[in-house]
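These notes open a run of structures that come right after.
Each of the next two complexes has subunit A plus one other chain: subunit B in the first, subunit C in the second.
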Partner chain A sequence: MADPNKVDPIHQFAITDIFSIGGEGGGFNIAFTNSALFMVITVLAISAFLILSTGGRGLVPGRLQLLSEMLYEFVANMVRSSAGSEGMKFFPFVFSLFMFVLVANLLGMVPYFFTITSHIIVTFALAMLVITVVLVYGFMKNGLGFLKLFVPAGVPGYVLPIVIPIEIVSFLSRPISLSVRLFANMLAGHITLKVFAGFIVTLSSFGFVGWLGAILPFSMTVALTALEFLVSALQAYVFAVLTSMYLNDAIHPSH
Partner chain B sequence: MHRGFGWFKGVWSMSNSIKPTSDTKASVSIGSRSDETRALADKIKLAKKDAGLMVENKSESHLTGHARAVRLGTEFIAAILVGFGIGYFADLIFGTAPWLMLVMVLVGFAAGVLNVVRSASEMNASAIITPDMDLGPEDDDVDPVK
Partner chain C sequence: MFGLPKLTDLIDQAQTLAGYSVRAYQGASKLILGIQMASNTTTSHDTEATNATATDGHATDATATDTHASTAADGGGHSDVFPPFDPASFGSQLLWLALSFAALYILMSKIALPRIGEILEVRRDRIEGDLAEAERLRQKTDQAIEAYETDLANAKQKAHTIAEESREAIRKDLDAKRADVETDLAKKMATAESRIQSTKTEALGHVDEIASDTAHAMVTNLLGRTAQKATKDAVAKVVKG
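Right, the complex of A and B next:
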């Protein structure tokens, strides 16, 4: 943003290479982008937090240990309530996903930080991971009985040719809705935030009256920032809840 | 779920008959009444939990309206997009454009409605019902107009 009066709300999502392995002539080029950097930061932050906070192993937990224990309890209850106690074998999976999305969303709220979940390819990769686990585990555990998922109980035979395609499309739409929801929330939120923040800059170039007028978008930006923190946590929660509900389908495929 | 709700109604009407019913006191007693009910509900919850009877409330109950709206919206759109995609590529393969696409968009639409209905009923099933909620008439309610 060279020109201070021209605000580009999309600029924050630009992917830039930090360094790359392999040259252009070599046939392959693996770039370490700012997105990748923030994924690494996210994972490091989660690991550091969990290792450091539980390092004391106090019987009476301190504040930080309590926080990580609460995170554990929160996700464990979520998995147990939507996938049953059998679903607890997927606890590490759901917990990792939840923490990754949560911390990535929250890190994205820091000014000048990159929001990795605002790119659909990232969220879609996460959603495909979930659906792949559901499919692989579903077929491993139930064999072909997993296909009962597509045949709702108590439906007369002559409706099945219509119902089965609908159920299949409904199942296939899960990774799409899972990824689009997270991506759209983060993208839209960050753009709105930047647009309103940009109004402050634009208005304040009109002198004193502009400064006064800039109070309005400024208060809006403050409110939106709070809302975005809420959305960050909420979307991580929704992602994890839906993951455990889909895992429930893999464990108990009959409707 | 339904039985739990019926129980709530019982407590509701019980405390209703005990409390004096003047208009000025109504607003005060509503607060204290729901406090009482809530305390009693908490007690019963704890007792049920101890007895191992409690099926943990399905999550999602404390989602905000915003999150619900976004969830329903994406569920619906995603199914249509998937239907369109399947139909489009099937048309490319079989050379039957645009018929499979049209059919699959309709199937996607149906799947979208199914998704929305399913997640809405999940939300309903996991909703926490408090005594001050207006849930519409019950089967055994008498219509005062008739």
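Right, the complex of A and C next:
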């Protein structure tokens, strides 16, 4: 591994401070890291795009306005079909989540950019936010009736002792599956890309034959880049769809 | 054969490009290192790890990698772990995530989404309004066509009636005139006939007188003399006989 051209595939996930607020070494020290920087960039990019592109309020939309409208309708239809028209009160929430994850994933595809969603704490926090909203709204709206979520309708009584624990475990695993799915996809994709890209550099140090051999990892890198763009969009979509379905459980707890 | 020079050209170019990218990577490593040193707030190991990586990029000795590996193994400190699992960064990430996501949510729910929703609403209303207007105009057209056809039918009916009436009037007029003429003719014929009749009767009335006069004259001429009265009686007797 002591190759002169060795590439560290993990280095891209390192958190580095850009500046910090508060005293050095004191109890109060808030670091503004590269992760925070890209969170801010993500939010600014989304807001600027959506607000500026719709500034004209054109009756006949331009290209950018059309894109904003398509994003709006895409998420609105997703929420409406998953959670019903009652679920539309959560539309801004789901839309924010979808756009945040999507733009964070896509920004992460730019070389030397930091991928926020490759950190488990970020995806886990988003997943916990979703589950918290589901729990709070579920109990607020349905009271203890929300617990009917764990008792599927139409199941014979003698199966219930088996079904209820399964339902509870599946509910509890939701935040974990939701967060790990996104995190693992982004992490694995970026590591794979980096490893294959590293192969190109490594092989190229072996002279002419190495150069010929490097064509293979190079084509792999190109293909993986395309795949990673697909995964970026797909994972954002999956995250938003699952959020809508969980919200549907909060609105209509009986199956 | 002919492909070979091109291939070597390509390889040269690729080599140059790869050289750039390696240098860019090294440059970026140095840049990150510089930022870290400037900010001077990371833990000592972060710097060391990056330092090691940067040295790796630079490339000569294997010891740097070894140091990196051994520190990672020995340190056991909060930041020696795989970065995504490093709890040291959790607090800061959570804080900035909360702030940025809250900002995003507020911007979306207060500005962006209502605006897009309004645009779509206005457009839907406009389209529906236009469709309703088109429907209204279509109905109006239909009504106009219907009214036109009714008027046309009425006019035809009226024309027919007028033609019928005038034809009737003319016929009546003709009939009346013909009747007048016929009556007039009948009257004239009756007058003429009555006059013929009276003339005839008058003429027949004078026949006796003429006959007796003629007979008297003849007898007188033959006999020389005669009684007027006797001649007359004889004539009457003959006429009677």
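Operating definition for what follows: the second predicted complex is superposed on the first by the 245 of 255 C-alpha atoms of A that agree within 3 Å, B and C clash if a C-alpha of one lies under 4 Å from a C-alpha of the other, contacts with A are read in each partner's own complex, and residues count from 1 in each chain.
Just so we're on the same page, a residue touches a chain if its C-beta (ideal position, glycine included) is under 8 Å from a C-beta of that chain, and two chains touch if they have at least 3 such contacts.
Not measured: the values here are computed from a predicted model.
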{"item": "Partner chain in contact with A:Pro165 - subunit B first, subunit C second, else both or neither", "value": "first"}
{"item": "First (subunit B), second (subunit C), both or neither touched by A:Ser81", "value": "first"}
{"item": "Touched partner set for A:Phe208, first subunit B, second subunit C, both or neither", "value": "second"}
{"item": "Subunit B or subunit C, by number of subunit A residues touched", "value": "C"}
{"item": "First, second, both or neither for A:Ser177, with subunit B first and subunit C second", "value": "first"}
{"item": "Intersection of subunit A interface sets (partners subunit B, subunit C)", "value": "none"}
{"item": "Subunit A - residues contacting subunit B, complex", "value": "77-78, 80-82, 165-167, 169-170, 172-174, 176-177, 180-181, 184-185, 230-231, 234-235, 238, 241"}
{"item": "Complex contact set, residues of subunit C against subunit A", "value": "11, 14-15, 18, 21-22, 25, 28-29, 32, 35-36, 39, 41-42, 46, 49-50, 53, 56, 59-60, 62, 65, 82-86, 89-90, 92-101, 103-105, 107-109, 111-113, 115-120, 122-123, 126"}
{"item": "Residues on subunit B engaged by subunit A in the complex (per definition of touch)", "value": "56-60, 63-64, 66-67, 70-71, 74-75, 77-79, 81-83, 86, 104, 107-108, 110-112, 114-115, 118"}
{"item": "Contact set on subunit A toward subunit C in their complex", "value": "1-2, 4-8, 10-11, 13-20, 24, 29-33, 35-36, 39-40, 42-43, 46-47, 50-51, 54, 57-59, 61, 65, 68-69, 72-73, 91-93, 95-96, 99-100, 112, 116, 118-122, 125-126, 129, 183, 187, 200-201, 204, 208, 211, 214"}
